[in-house]
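One chain, subunit A, appears in both complexes that follow, with subunit B as partner in the first and subunit C in the second.
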Partner chain A sequence: MNINGLSFNALPPIDLPFRFFLTAPIFIILCAFLILFSGEALWLSRWQPSMLALTHGFTLGFLTMVMMGALLQLLPVIGGVGIVKPRLVVYFCHSTLVIGTLCLMANFIWPSTLLAISSLIFLVCSIGVYFFALAWVLVKKLSQGDSIIGFRLAMSALFIVLLLGAGLLSQSIGFISINGMGKMLTNNHALFGLAGWGSLLIISVSFQVIPMFHVAPSFPKLISRYLPSSLFILLIIAFFQPVFVVPIIVLIHGVFALSLLLVISKRKRKIPDSTIRFWQLAALTLIGLNIFYFTPNKYLSPLVSQQKTLLITAIYLYFYLIAVIQGMLLKILPFLSYTHLQQKCLINFSAMQVIPHMHNFLNKKHGQWLFYLHIMTGMVLFYTLVIPSAYWLLSLLLLIEFSWLLYLMIKAMRLYFLTLTKINSFVNE
Partner chain B sequence: MTSIPEFMTSKHRECDELFTEAEAAAAKADWSLALTKWQSFALELTKHFGQEEDILFPKFEQATGMTAGPTQVMRMEHQQMRALVQDLDNALAAQDKDEYLGLSETLMVMMQQHNMKEEMMLYPMMEQNVADGEQIIAQFQAS
Partner chain C sequence: MYANLTFIKVDVSALAPPEPMTVILTHLARLTAQECLLIKHRRQPFPLYEKLNNAGFSYHCVVHAQDDITLYVFHQKAQTVFNEWLVTNGVTTSGLVKGKS
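Presenting the complex of A and B:
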C-alpha cells in the first residue's frame, strides 16, 4: 500500500458534489416535458428519436450526473485521497456534461451536424477528463477491500461506454464508417452503460455501505470478490456472443439481488429507513426481472411481449439504478451538509451546538414520500410502455417526483447556508 | 495471535451492535434499556479511542514519521464524535425521541465513514509499519 500523500481529509468543497446533485433532477424534469410534448409516438420503439433523447436524459443527465458527484465524495473515504485540482476539474466536467447532454438530446430530436459535433466534443471532454482525473487516483492509491476493484471496473466501463458512444456519434456525421456494426455497437453501448458503469458501481458500493450503515454481515466472499469482475468479463464477451452471454448477465444480477436481500434481512439496525427500502425495491426488481426475462413469450400478453426489451430496460433503469441512487442521495445530502459544517467548527468547537442533525437537513417523512412517489411513477412508466396513451400521467408524476427531490436538495442547502452564517458569527465573536 | 486490523475491526463491530441496541430501544421509547445499552456503547467507544490515541497512533507516527497525516485527521474526527456523544447523552436524559434518532443517525454515518478509513487504510498501514503490533493487541485483550 502506498502511504505517501494520504490525507484522509481530502473532502472536496461542498458546492462541487452538490453542483452535480442539483442539476440531476432538472434533467428528469426536462424529460417530463419531452414526454408531454412528444405524445404517444415516443413509445413506439427504442429507436424513436425522442426515446433516444429520453434515455440519454435519464442516463447521462441524471444517473451519470449523480454518480460523478458521489464518486468525488467517496474517493477520499475509500482511497484516502481526492482528485487533483478538484474545483478546476469539476467546473470543467460539470459544465461540459450539462452542455454535451443537452446538445445530444437536441441532436436526437433535431439531427444536425453542428449539434452532433458539439455533443461529441463536450461529452468526450467531460467524461474523458473526469475519467483520467479519477484514474490517476484509483491507479496510484490502494486500499483494502473489494469495493475499490469494483470502482476501477465501473470506471473502465464508463470509458468503454464513452468510446462506443463517440464512435456511434462520429459515424452518424460521417467521420468514420462502421458498416453493419451499428446495431451491435449500440446494444453494447447500452449494455455497458447500464450493467457496467451503472450496475458495477452500485454493486461495489453496496458491499461497503449495507454492512456498515445497517450493521449487517458482510456479503459472502465469493460474491464480493468475484461477482464484479465476472460481470465485467461477461460484458466484454457480450461483444462477440450476445445471445449466449446476456442471459448469464441477467442471472448474475439475480444472484446479486438474492445475496443483497439475505444481507439486508440479517441486519441488526432495523429502524425504519427509506434508503434500505430503496435497496429492497432494487433487489426485488432484479429478481422480478429474472422471472420476466426467462418467461417464454407465449405466456406473456402480446402487448407485453412486443415491448419486452424496452420494458426490461426501463424497469432496470427506474426500479434498480435510479431507485438505489435516490436512496443513497437520502443519506449523502444530509451527511455532506452536516460534515462540512462540522469542519467549519474546528476553530471554535462550541459553534458545533448550532449544527442541526441529519434529520433536520432531510426529514425522514419527506424521504418516505420520495419512495412512494418513485413506486407510483415506476408503475405508471411500466403501464405507459404497454398503453402509451397514459404518457401524460407519467409526465405529471415524473414532474412531481423530481421536483420533490430538487426541493429536498434546495431545502438542505438552504439550512446549510443559514447554519454557516450562524457558525461564522460564533467564530467571529 | 491477533493482528491490529482484526482486533480493532472486531471492536468497531461490537460498538456498532451496542449502538444499534440503544437506538432500537430509544425508537420504542424504552428509555431504561436505551440508557443501559448507550452507556455500554459510550464506555467501549471511550476505551477504543483511548487505545488508538494513546498507544497505536503514537506508535504509527513514530514508525512512519507521519505526524500531520492520517492520525491527525482521525484524532480530529474522534473529537467530533465525542461532541455528538455528548449531544446524545443530553437527548437521552431529556427522553427526546426525535432528537435522539436524528443525532444517532448522524453519529452512525459519521462513525462508519471514519471506520471505513481506518479499516481500509489506517489499520493495514499500521500492520505493515508497527513492528510489535501483535504484542500490543495481546495487551489490549488482557486489559
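Presenting the complex of A and C:
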C-alpha cells in the first residue's frame, strides 16, 4: 500500500452521511403521493411522464442519495482516506441534489424550459462536484483492494450516467440534437444507472461489508477480482451490441447472487439478522430474475409478457438495489452512531459507560418489521404493474414502509445526540 | 519479547463490528506505559488511527495479507522502547504503517 503524501482522515462528522440518509426516504414518500395522484395512467408504459418522474424519484432521490452518503463513510474505513473539505462538499452536493431531483421530477410532470435548465444545472453541479471530490481520492493508490477498484468503476459509471442524462435533458430543451439516438441513449442511461452505478457499487461494497460485518469468508478471488471489471466492460459493449450483451449482464448478476449466498452460508455467527435477510432476498431476486428473463414469452401469461421489461426493471430496483440499501442502512445506522460515540471516549475512557448498547440505536424487531413491509410493498408493486388498479394500495404501503424507515433513522439520530451530550459533560467534568 | 515492554495479545479477527473497537478500547483504557497492545485483526482500523494519536498513543501496523494484520498500540512515551524492540526482533517493515504525533 502506498500511503506517501496522504494523511489518514478520521470518519467525517456523522451529520454529513446522515443528511443524505434522512433525505432519502422523504423522496419515496413523495413518490407514494405521486402514485396516489397519478392514478392508473402512470402504469401504462415506461415513457409516461409520471413514470419517468417516479423512476427518478427512486433512483436519484433514494438510491443515489443514500449511496453518496454511504461512500463518504466507506472510503475512510476501507481505503483509509476521506475527501477533502467534507463539510463544504456535502453541503453543496446534498442541497443541489435535492433541488435538482425535485426540479427534474417536476419537469417530467409539468415540462418547462425553466425546470429543465434548473434540473440540468443543479444535477450536473451536484453529481459533478461529488464525482471530482471522490475521484481526487480514488485516483490515488489507496489500495489495490478489489472493493476500491469496484468503487472506481462505479464512479465512472455514475459519470457516464450523468453525461447521458445531461445529453438527453439538453436535447429536450433544444440545446443539442441527437437525431434518432434518443431511445438508445435512454436505454443506456438506464442500464448504466442501474447495473453500473447501482449494482457495481453494491457488488463492490458487498466484498468488504459481508466478510466484515457478518464474520464471513472473503468472496472467491475469481469473483471479487474479475466480476466488477467484466460487468463494466459489458456495459460499455452494450452501447453497440445490447441484444447480445444484456443477457450476459443478467447471467453475471446470477453468478454474483450464487457467490453471495455461498459466502453468507459460510458466515461464522449465524444469528438472525435483518440485514442478512435483505442480502438473501436480493440474491434470490437476481436468481429469480435470471429464470424470468430467459423464460420464453410463450410460457408467460400475456398480461405478464406485455410488461416484461418494466417488471424486470421494477423487481431489479425494488427487490435487489433498494433491498440491499435498506439492509445496509439497518446495519450502518447503529454501527456509525456507536462507532462515532466510542471514538469520542478515547479522550476519557470512563465515558464509555454512558454509551447505550448498539441494539438500542436500532431495535432488531423494528428492523424485521421493515423487512416484512418491504416484501409486502414489493409484492404489491409487482401486482400493480400487471393490474394497475391496485395503485392506491402500493402508495399506502410505500408511505408506511418509508415513514417507518425515516422514524427509525430519526430515533437513532436522537439517541446519538443525547448520548453525545452525556459524553461531553462527562469529559468536561 | 523485549525486556522493558510487556505485550498484551488480543485477537479480534473473529468479531463483528463494533466489538473489535470495544475490545481494543477496553484494553487501551488499562494499558500502562510499559505495555504494548498487540492486536490481531482482519483489516486496518483506519478511522481509529488519527484518534489514537490525539489520545497519546502510537501505533504500528504490519499487513501480512489483505485480511490479516497485526497492530501494535502503545503510549507515545514508549516509542523509543518500541523502536528498539522492532530492531532487536527484526520485525519486517514491509507493509508497515506507522503513526505517531
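Just so it is clear, the second predicted complex is superposed on the first by the 421 of 429 C-alpha atoms of A that agree within 3 Å, B and C clash if a C-alpha of one lies under 4 Å from a C-alpha of the other, contacts with A are read in each partner's own complex, and residues count from 1 in each chain.
Quick note on the criterion: contacts are C-beta pairs under 8 Å (C-beta built on N, C-alpha and C of every residue); 3 or more make two chains touch, one makes a residue touch a chain.
Just so you know, these numbers come straight off a predicted model, no measurement behind them.
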Joint occupancy of subunit A by subunit B and subunit C, clash or fit: clash
With both complexes overlaid on chain A, does A:Val77 touch subunit B (first), subunit C (second), both or neither? both
What is the contact status of A:His359 with respect to subunit B (first) and subunit C (second): first, second, both, or neither? first
Applying the touch criterion given at the start, work out whether A:Phe278 contacts subunit B, subunit C, both or neither, answering first, second, both or neither. neither
Of the partners subunit B and subunit C, which touch A:Val215 in the superposed model: first, second, both, neither? both
Is A:Lys270 contacted by the first partner subunit B, the second partner subunit C, both or neither? first
By the touch definition at the top of the document, which applies to A:Phe151: first (subunit B), second (subunit C), both, or neither? neither
Which partner does A:Phe108 reach: the first (subunit B), the second (subunit C), both, or neither? neither
Would you sort A:Leu11 into first (subunit B), second (subunit C), both or neither based on which partner it touches? second
Contacts for A:Phe349 in the overlay, against subunit B (first) and subunit C (second): which applies, first, second, both or neither? both
List the residues of subunit A that touch subunit B in one complex and subunit C in the other. 1, 3, 8-9, 77-78, 80, 145, 212-213, 215, 268-269, 335, 338-339, 342, 346, 349, 352, 358
Within the complex, subunit C is touched by subunit A residues 1, 3, 8-11, 76-81, 145, 211-215, 218, 268-269, 335, 338-339, 342-343, 345-347, 349-350, 352, 358
Complex contact set, residues of subunit C against subunit A: 14-18, 21-22, 25-26, 28-29, 42-44, 46-52, 54-55, 63, 66-67, 95, 97, 99
Contacts from subunit B onto subunit A in the complex sit at residues 5, 16-17, 19-20, 23-24, 27, 64, 66, 69-70, 73-74, 76, 79-80, 83, 87, 98-99, 101-103, 105-106, 108-110, 112-113, 115-117, 119-122, 124-125, 128-129
Quick check: in the complex, which residue numbers of subunit A touch subunit B? 1, 3, 6-9, 77-78, 80, 143-145, 148, 208, 212-213, 215, 268-271, 331, 334-335, 338-339, 342, 346, 349, 352, 357-360
